[in-house]
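Each structure below is given as structure tokens.
Across the two complexes that follow, chain A remains constant while its partner is chain B and subsequently chain C.
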Partner chain A sequence: MSKLLARYSPLLLLAVLWQLAWYFEMVSSTALPSLVDVASAWVDLLRSGELLRNAAASLYRGGAGFLLAVVVGGALGMIMAWWRPLNLMLSPLVEIFYPLPKTALIPVTVIWLGFGDASKILLIFLGCMLPVTIGAFNGSRSTEQVMVWSARSMGASRLRILRDVVLPSAMPELLNGIRTALALAFILLVTSELVVAREGLGNLIGYLGSNGSYEAMYSVVLTVAFLGFAADRIYQYFMRWILAWRDATTG
Partner chain B sequence: MTEENAQIVVHGVSQVYRPPAGREVLALSDVSLEVQGREFIALLGPSGCGKSTLLYLIGGFLPTQQGSIRVDGKPVSGPGPDRGIVFQDFALFPWKTVRANVLYGLERMDLSRHERERRAQSFIDMVGLGGFEDSYPSQLSGGMKQRAAIARTLAIDPTILLMDEPFGALDSQTRRLMQSELLSIWQRTPKTVIFVTHDVQEAVFLAGRVAVMSARPGCIKAIVETQFDKADPHLLKSPDFVNKVDEIWNLVRDEAIVAQTARHP
Partner chain C sequence: MARRDNGVTTPEQPPGGRSAGLRMVRQTLRTAAYGLPVVALLIAWETFARSGAVTMFILPPASAVAERIWADAAAGDLWRNILTTMYRAFSGFLLGSLIGVAIGIGISRNALARWFFDPIISIGFPMPKVAFLPVIILWLGVFDVSKIAMVTIEVLFPVVTATVIGLQGVNRSVIWSARNLGASQRQLLWHVMIPAAFPQIFTGIQVALPIALIVAVFTEMAMGGYGLGASMMSASRLADSRGVFAGIVAIALVGYCVVKLMGLLRRRVLIWHAEAVMPSTV
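Let's turn to the complex of A and B:
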């Protein structure tokens, strides 16, 4: 517990500085409202159900797009590594689209699918897929030949080898790709909701901001920051658990 | 020995490695070898002469480029559980525990779950890894990994055992124990063993014939009969045995010198 406290003490310091800056009016209070007011605005938002309703909408879009990206991107990367023709066909596409800022696709997905959930899910799916694909591809390619041979000599079929040897070999890189995708999902989610949406946390931030409710706006911004942090933390635990075999050391 | 009754027939096999970058390597040149069913043959030769390559070809992991390889009369077209292999660098699955590694091959055999587990355990015990069933390979020493790999291959009870320096990472005591375990398995169950080693004494002790390979590009330079009474406790000191080791050692040394000068001309 004290270790935890020590680790996040800079955060605490930042909060104190914030409050001091507000107290001594070093910046205008609209730019930086009191943290206490932000907290009470947060409680109000929670009580009214506003926060949960919007969070649920965001979670659904973000979760669906992200999961779709993990499944499709992961499978695609593995098959690309396994089957050369697909690799030759798709690698140029991956190379071209990888550096494209995915936020540029927001208007495109809106034109295709409208203002609702579908356009956001598609955006997040497209934006998150490539890091997963690349992770799965590079990871699969790192599979040791002799492992595959070993499995084959013990009677494993090709499909089984894909599952039992290639997937676990690819796992470290794949999981790193998914971690990147997770961060991207948050960025794309909030940005797209900020630009065009009727609900969602990003939309709530935009709405509260244009309404002049800065305390409430800050409270939602901080909520999003915390959710992103928590998601990454949980993901790291998950990653460590899956890769326990790798980090296992004697004693 | 005629072709009809040999279980493994390697005929005029040459093998070239063509790495995507770098120059081609002729690893094997016109190798011919016949191995009888239930025979225990050892393969000796300087480092880089193609011993592993020959095992990979017989195992069906590499396609035969030139010449032919037949096992039980049929051309080898791929790996199969009839030919178990212990790889030089173990090739354990690092994401599986020792037990799961040993169980892996057993899972595709027609055995009850109970029988599979019993069998896995008995081979883990045999190689002296009892107590390490739940360890991951990264938690094992080199010698322990090697023993786990041996247990995994022996557990599926292949009729042909391809072993690539299987005791190379073991200390001399463990090595002795494993040698006698292997011999007793070979005597109990019908098995053909091709055993790669750098240890001449080990080769003469274990095998009925020793094939000495030339420096790269490898071919079979000599085949020496090494039939001894393995039950004799003083075998390793008997003059016949010592002379045989000497004779083969001289053959191997000549090739090692050739290999050495090829590297530093």
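Let's turn to the complex of A and C:
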């Protein structure tokens, strides 16, 4: 516990500096409200249920888009590595769409599906799919050929090889691609909700900011930042758990 | 890249003669095979949009979008928007890369800097920093400064992380030999550690480049003030779907060129490194 405190002491220092800057009125209190007020605004938002309602909306959109991207993107990448014609057909397209700044898709998804949930889910799906695809593709291609051959000589079917040989050896790269996608999902969620939405955490931030309730706005901004951080940490634990067999075998 | 041939490195191949001609033919074929899916996609887009299955609003035909881009280019709007967006993205990108490398060096060389920055970077790295945009607006206004600041912040984190990992991964024996030969701390840093870690640092910078574009486009969408993002957003508000699609094609082309150029720059800068003879991946 004290070790943890020592490690994160700079953050405490920043919080203290923030509070001091407010106390001595070094900056205007609208630009930097008191931390205490921010905390109480957070509690108010929580009590009124506004925070949870918007968080649920965001979570639904982000989760649905992200899961779709993982399933479709991962399958696509593995099939591309498995079947050469598809690779020849799709890899130029992947290469062209990969560097596309994903936020540029926001107006397009709005034209297609309107302002509701569906357009955000589509945006997050499209934006997060390619990192997963590339991770799955590179991972599957790096499968040691010897292992595939030995599995085949022992009479494994193609599907069985895919499941028991290719998928496990593609796992590390696939999981890294998914991690990139997770970070992107948060960015796209917040940006799309800030630009066009009627609910969701990003929308709440924009709404509170334009109403001038800056304490509440700060509290939601910090909440979103924390959620992104927590999601990544949880994912890292998950990754370590999935890959535990690898560390066990390689020592 | 003449060095690349079917993904196999053949730097020793004798120049000129039949093999060069053969290689040119093969290269042309490869390019054609490469462009085919793109052409197919464009044709599919055009026929689908004209088939009547969807309205022209949902999906304007590719030819109409191309016409629109042409008109924008002739009027000069396109170039002004591209330059504005690039100016914002690249200012933030350069600033973020420089500060990021500096902080990264600080973290790996100085205990105080490590104490202060390490937890901030490790917590800030996975956060969606774009959520801080309203705060940045509050502090810096809605003009170029706040847009560039937002890009800088987002670029900073991957660069710092890559720099720290790169510097930590420098082969110990190289450092020991440099010390044995009497290198000072400064010489060690500039002549041994940074060059050795440079491929990793450059990877971090390469990762940050698309992020810089994403954030620049987003800040323009949220705040307006010209640029590709702002022009797309105003087209969307006016229900001008051709304008929106023209915008996305333009942004896609710009993004593709910028990322490709960065890959070429990497080969140029790291020409001394072993990776330069390997097939390019990006």
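Methods note: the second predicted complex is superposed on the first by the 247 of 251 C-alpha atoms of A that agree within 3 Å, B and C clash if a C-alpha of one lies under 4 Å from a C-alpha of the other, contacts with A are read in each partner's own complex, and residues count from 1 in each chain.
Here, a contact is a pair of C-beta atoms (placed from the backbone, for glycine too) under 8 Å apart; a residue touches a chain by one contact, two chains touch by 3 or more.
Just so we're clear, the structure is a prediction, and the values are computed from it rather than from any experiment.
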Which superposed partner A:64 touches (first chain B, second chain C, both, neither): neither
Contacts of A:46 with chain B and chain C, given as first, second, both or neither: neither
Chain B versus chain C as contact partner of A:75, first or second or both or neither: neither
Partner chain(s) touched by A:118 [first = chain B, second = chain C, both, neither]: neither
Which superposed partner A:56 touches (first chain B, second chain C, both, neither): neither
Chain C versus chain B, contacts on chain A by residue: C
First, second, both or neither for A:239, with chain B first and chain C second: neither
Which superposed partner A:144 touches (first chain B, second chain C, both, neither): first
A:96 touches, of chain B and chain C: first, second, both or neither? second
Interface residues, chain A side, partner chain C - complex: 7-11, 13-14, 30-31, 88-90, 92-93, 96-108, 110-112, 183, 186-187, 189-191, 194-195, 201-202, 205-206, 209, 214, 217-218, 221, 224-226, 228-229, 231-233
Complex interface listing, chain C residues touching chain A: 33-38, 41, 57-58, 115-120, 123, 125-135, 137-139, 210, 213-218, 221-222, 228-229, 232-233, 235-236, 241, 244-245, 247-248, 251-252, 255-256, 258-259
Chain B - residues contacting chain A, complex: 56, 59, 61, 78-81, 83-85, 87, 89, 91, 93-97, 104-105, 108-109, 135-136, 138-139, 152, 156
Partner chain B, residues of chain A touching it in the complex: 144, 146-147, 149-156, 164-165, 168, 171, 244-246, 248-250
